[in-house]
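What follows is chain A paired twice: with chain B in the first complex and chain C in the second.
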Partner chain A sequence: MIRIHVLEGKAFVWNCADVQRIREEHRIVGTLVGALARKPRQNVRLGLPLQLLPEEARLLLEKDVATLIKNPSSKPFADDAEQDPLFLEAVAAYQEEQEESYMEQLRLAAEQRKALLGSLAERIAQGRAKKQQQKGEGGEPLSKPADPESSFVFPRESMMVQLPTERTWLGQEEVDWHLPSKEWPYGGQPEHEMRYCVFQSLWEQGYYITSGSKFGGDFLVYPGDPMRFHAHYIALCVTRDAPLSLCDIISVGRLGTSVKKTVLLCSVDQDGTVVYTSLQWSGMQ
Partner chain B sequence: MEPELRPRASGHLLSPAELLAVRTRDHKIPQRSHGQKDFMPDGSEEQQEKLCQCRDEQWQLLREERVERLGSLVKAEWKPLEGIVELKSPAGKFWHTMGYTEHGKQCLLPEEALYLLECGSIQLFYKDLPLSVQEAYENLLSQMSVSLLKYQVFSHLKRLGYIVQRFRSSTIATPYEQQLNLDSHYQNAEKKHHKRKRSSSPWLHGKKPKTSERTQEYAQPPQKDKRHHESSSHPVSDGGSLPEEKVKESDSGVAVEETIPTASDAVQCYQSPPVCMEDHHESSTTTSLESQGDTCPSRWNFTTITFPNMGADCPQTVLLQPDKRLLPENVTAREVDATRWRKRLNQKHEKLSHKEREHLEWERKYKSSINEDKEVRQCSTWQEYKALLKKKRQQREKNCPAHFWKQTVTPLLKPDQGLSTADVLQQISVLQPSHILDGASQLQNNSIAMKIDFDVYPADTASSFKKNKPGKPFVRMCVRSFDEQIPTLRAVKQLAYQSGDVPVVFALVDNGDIAFCSFKEFKLPVDVYP
Partner chain C sequence: MDEAPGSSSELGAAKGSGLLVGSSGGSDREQEAPKTGRWELRKDWLAAHPTLTRMTSLDVADSSRVYAAFLVYLDLLEARNWHEVSYVGLAEFQLVCLRGREREADDLQVVVPVPVHVSFSHDWFQGRSGKLQASQPDVNTGMRQIMKRTCTVSDSPMSIMLAIVESDSTIVYYKLTDGLVTPDPPDNTEDADNKQWGKKRKRLLR
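Then we have the complex of A and B:
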């Protein structure tokens, strides 16, 4: 199951494997919003978490490949947890683990150094011999090469520590996404229902869909993965019988033309099928 | 549901070997070098391969965990009750632009702590257990202090290098301070140390007709000033003369002193401060002089003392023989013609900025010196001058037909106002343009719907930035959700008023994407010359 976490009414995926599955198996793109672990101070490439549109999350939920999880209202440890045996146990376990990790890292680092020295032994010996020659015979007898084991220091500060991305304990509370709630207020909202219908319909036709606010629409529709392909359509969700002003039509038509995309006016019919109308800028000659 | 406690069970925790391996990890982001995006998937192997490459690269980056040396991590503890993060080990470089001290403890705001955690600068603990990034998001962000939207904007700006502080209304000048323009005063005061304005001495300043006579209102009576007797020993009606000449004139006293002593044949007699001389006058004194002796407390009678005009505009510069009593013994003096010397004086041309030149040009065209009026120049006292003004006014009123000017509705303009075209347009316009801050102060007592969230300072000020005295921000940021209404004019006015003279920018967050926009006041250009 893909775990979708709710935070302030927004859907997030924190697990990298889940992100990969969502994209590769379900053609859901989402937006990365966190700092990239490798290079956090830039905005060109971002990292986890992946934020999903409500429609994207709902599609995964409807297909029953994901669960919606909220931050558990019951904290793992109460505020007066200092005496909680479970808590003390957890702290002890953490500290012990850190200690183990340090010892293991110390051992590994020493091993690595030994291996390195071993591979360079010949060159070191050559260097020493050269130095002695330069000093002449008058110098003191060469100090014996120090034992690599004893001279090796691996201070505690050098220990590498992980700052985990995903939650380390698995406390979770599922959210029922069918009904609107404080955590997930979308279910049953007419706006959301319409957008979801359009989203689903496009998705089922094999398209990749992202948020279209950059282009003044509801969705951007891609023929393939947005990593490698340009969007073809700007989808605009309109209520079936709501009047549409000519000005709006012209402005979206203009925009679509100037970014070389086709504007789709999408509305949901009474029986739930989605009707698409495309706009094309044309002139009489 | 009971929280399932399996703290170390998850697979994404790295083993010690993996942790060590991170030390040699690449620190660069791979460049996306897979060429242009394609138009349509055509099922070709080439496309598929490129896509796979792109994806693999992406998953590789996302899979990487934050791993840091323990020694380079700052330990910090989350205090949910206070809503702050307290540092447990000395702060790092970030302390320059983030955090604050309270009761001797170093603290971070939740958004700062979360950002630093994401950057791998701190290790965040809650009750002796470390928090993951996810847990930090879920615990530190709340509608009460910093919402998710605000954090997304905060971290976006921080990643771009900006210094971001929570909005503090105390950093804003009060309306009174704004009115006084205190801020710019401080700035100017600093500048003045480096760059002195031309003719900063008031004495020289007063002598410049450009600044004294023509701009200081027309009401100045003619040549009553003592100073003019000192300096202008030749006709003053020189409305059209260039400012360069004026400056030379005013500088001449000093210049003479400096240059003439170097010449062996000329003996200097005109010194400043001036000394009393009996009858050594310039021949060209044409202005009618009035005795000022009774009002002058000085022992010098300035009406009888003249200074030579060494300006380029003066045709004659014959310096008469000085009074022998003023000279030291053994020094003989004689009359000298300084024309030759004068040519060597004041060779430096005054450099006027483009703006100043334009202003002068404009003044010459549209302003006239009151001294050019012969009648005015004949007045010798204020009384006479005022009488003259009165007479002129009466004359004008005679010219105004009563049916035009004596009724309740009168023309917007008077024929004698002598206004420029722009002034006329201004005078007759019905609708006046409104400024964004007009009436904004009255809107403040109403409940404020929108608040400014952040003060943003540019990245390049980081070296000189002081947390306690941040100064004027680059912009102020107001965080909004993409699907919220466009702010009303009222809200924009309120925000502009709160912000003072710093622009307010709206950050619109849509599903993690952030767009910035601002409402700028636009002044319609008026195409009238001048």
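Then we have the complex of A and C:
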């Protein structure tokens, strides 16, 4: 079962294997929204968690391959937890693990440094000799540098720490996604039901679908994995009787044409089938 | 294809005279809308154009829609050299629709001329069988209903061309097709040759 964690109406997947399965087996893409620990201050590449659109999450839930989970509302620990022997034991185990991890990282870092110095040894020696020449022959020979291994310091602040993000709380509660709730308000919402109908219908035709906000639509529709294809369509979900001004049609149509995509107007019929109308700017000559 | 040199000035004239008689397309559309039949009183060529007169006498749409249809009719025939352009009134949608062939060998296309201020819905249809009152504008006309009504040939997906007419008489055409139409693959040679592309774009962006 894939675990989808909800937080204020947003759906996240924290497990790496689940993320892979979602994409490879179920053609659900989602968006990675987490910063990478070793590459902060950039957003070209992001990491876990994977955020899912409400429609993406619902598809997985309807296929019964995922469950919706929220953190319990009660506090994880009682106030006297610090006296609990089990708790103290867990803290001791955690600290021991940290210590082991530190020793391991210290060993690895020292090895890495030694290897680097080794590979640069020749250049360092050359540089030193040059410096000595410049100072003149009369100068005292430089004191021998200290042994690299003894001078190596690996500060504790530089140590990498694994944060157990998948389960930050003790115990988890399942959320019933059929009923609207604070965590998952979408069940029964007309807007969501319409978007889901369109999403599901496109997904069943074999397309990959992502959020369309980049191009001002509801969804972007890809003929294959978005890593390998450009989107073919910008899907706009509209209720069948809502008035659309021609100015809006012109602007979405022109945008679609300029990025070489077809704009799809999608509506849900009274019997639940989805109708599509392709909108293309016609550059008649 | 060269643009017909006379076309833009003719359309310009169309606009000018259209505003002179205070007819449609302009901001004073609303005041003048009910007064159809004033066209005959004017001696200038546009107002007295037999096609415009006949379009008006179909009595299916208000004057701004008829005027838009007439401008598109002129554009198709004189600027774009379409073939066999005809018009038909669709009372239930309050529209004057055009049909024509872009090239002689092409299939007939349906062109739906509309002034830019109009709104359509995607697929709304009023269930009742009676016709709408001509005086009651149907803001919710479904584009797909127009498509179903006008596209009778079944061997290709239904499609209509929306011809959206601005108050300065410029017309943009948008094609609506039933179902999913795969976009044209990007033409790399054209993109690479920027100068050519720019030239073509200039011609297309009207």
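Quick note on the criterion: the second predicted complex is superposed on the first by the 195 of 285 C-alpha atoms of A that agree within 3 Å, B and C clash if a C-alpha of one lies under 4 Å from a C-alpha of the other, contacts with A are read in each partner's own complex, and residues count from 1 in each chain.
Going forward, a residue touches a chain if its C-beta (ideal position, glycine included) is under 8 Å from a C-beta of that chain, and two chains touch if they have at least 3 such contacts.
Small disclaimer: the values here were computed from a predicted structure and weren't measured.
Once the two complexes are overlaid on the shared chain, A:Gln51 sits against chain B while remaining clear of chain C.
When both complexes are overlaid on chain A, the residue A:Gln105 reaches chain B alone and has no touch with chain C. Looking at the shared chain after the overlay, A:Val29 reaches neither chain B nor chain C. Chain A has more of its residues touched by B than by the other of chain B and chain C. Of the two partner chains placed by superposition, only chain C is touched by A:Val275; chain B is not. In the superposition on chain A, A:Lys214 makes contact with chain B only, while chain C stays out of contact range. Overlap of the chain B and chain C contact sets on chain A: empty, with no shared residue. By the touch criterion stated above, chain A contacts chain B in their complex at residues 5, 7-8, 10, 12, 14-16, 19-20, 23-24, 31-45, 47-49, 51, 53, 71-72, 74-77, 79, 81-82, 86-87, 90-91, 93-94, 97, 100-101, 104-105, 108-109, 112, 155-174, 211, 213-214, 223-225, 227-230. Those residues of chain B whose C-beta lies close enough to touch chain A in the complex are 1-10, 12-14, 16-17, 19-20, 22-23, 25-29, 34, 37-41, 47, 50-51, 54-55, 58-59, 61-73, 80, 115, 117-120, 123, 127-130, 132-135, 137-139, 141, 143, 147-149, 152, 155-156, 158-161, 482, 510-513, 515. For chain A in complex with chain C, the touching residues are 232-233, 238-247, 249-250, 253, 260-262, 264-265, 267, 269, 275-285. Chain C contributes residues 1, 80, 102, 114, 116-124, 139-140, 142-144, 147, 161-162, 164, 172-184, 186, 203-204 to its touches with chain A in the complex.
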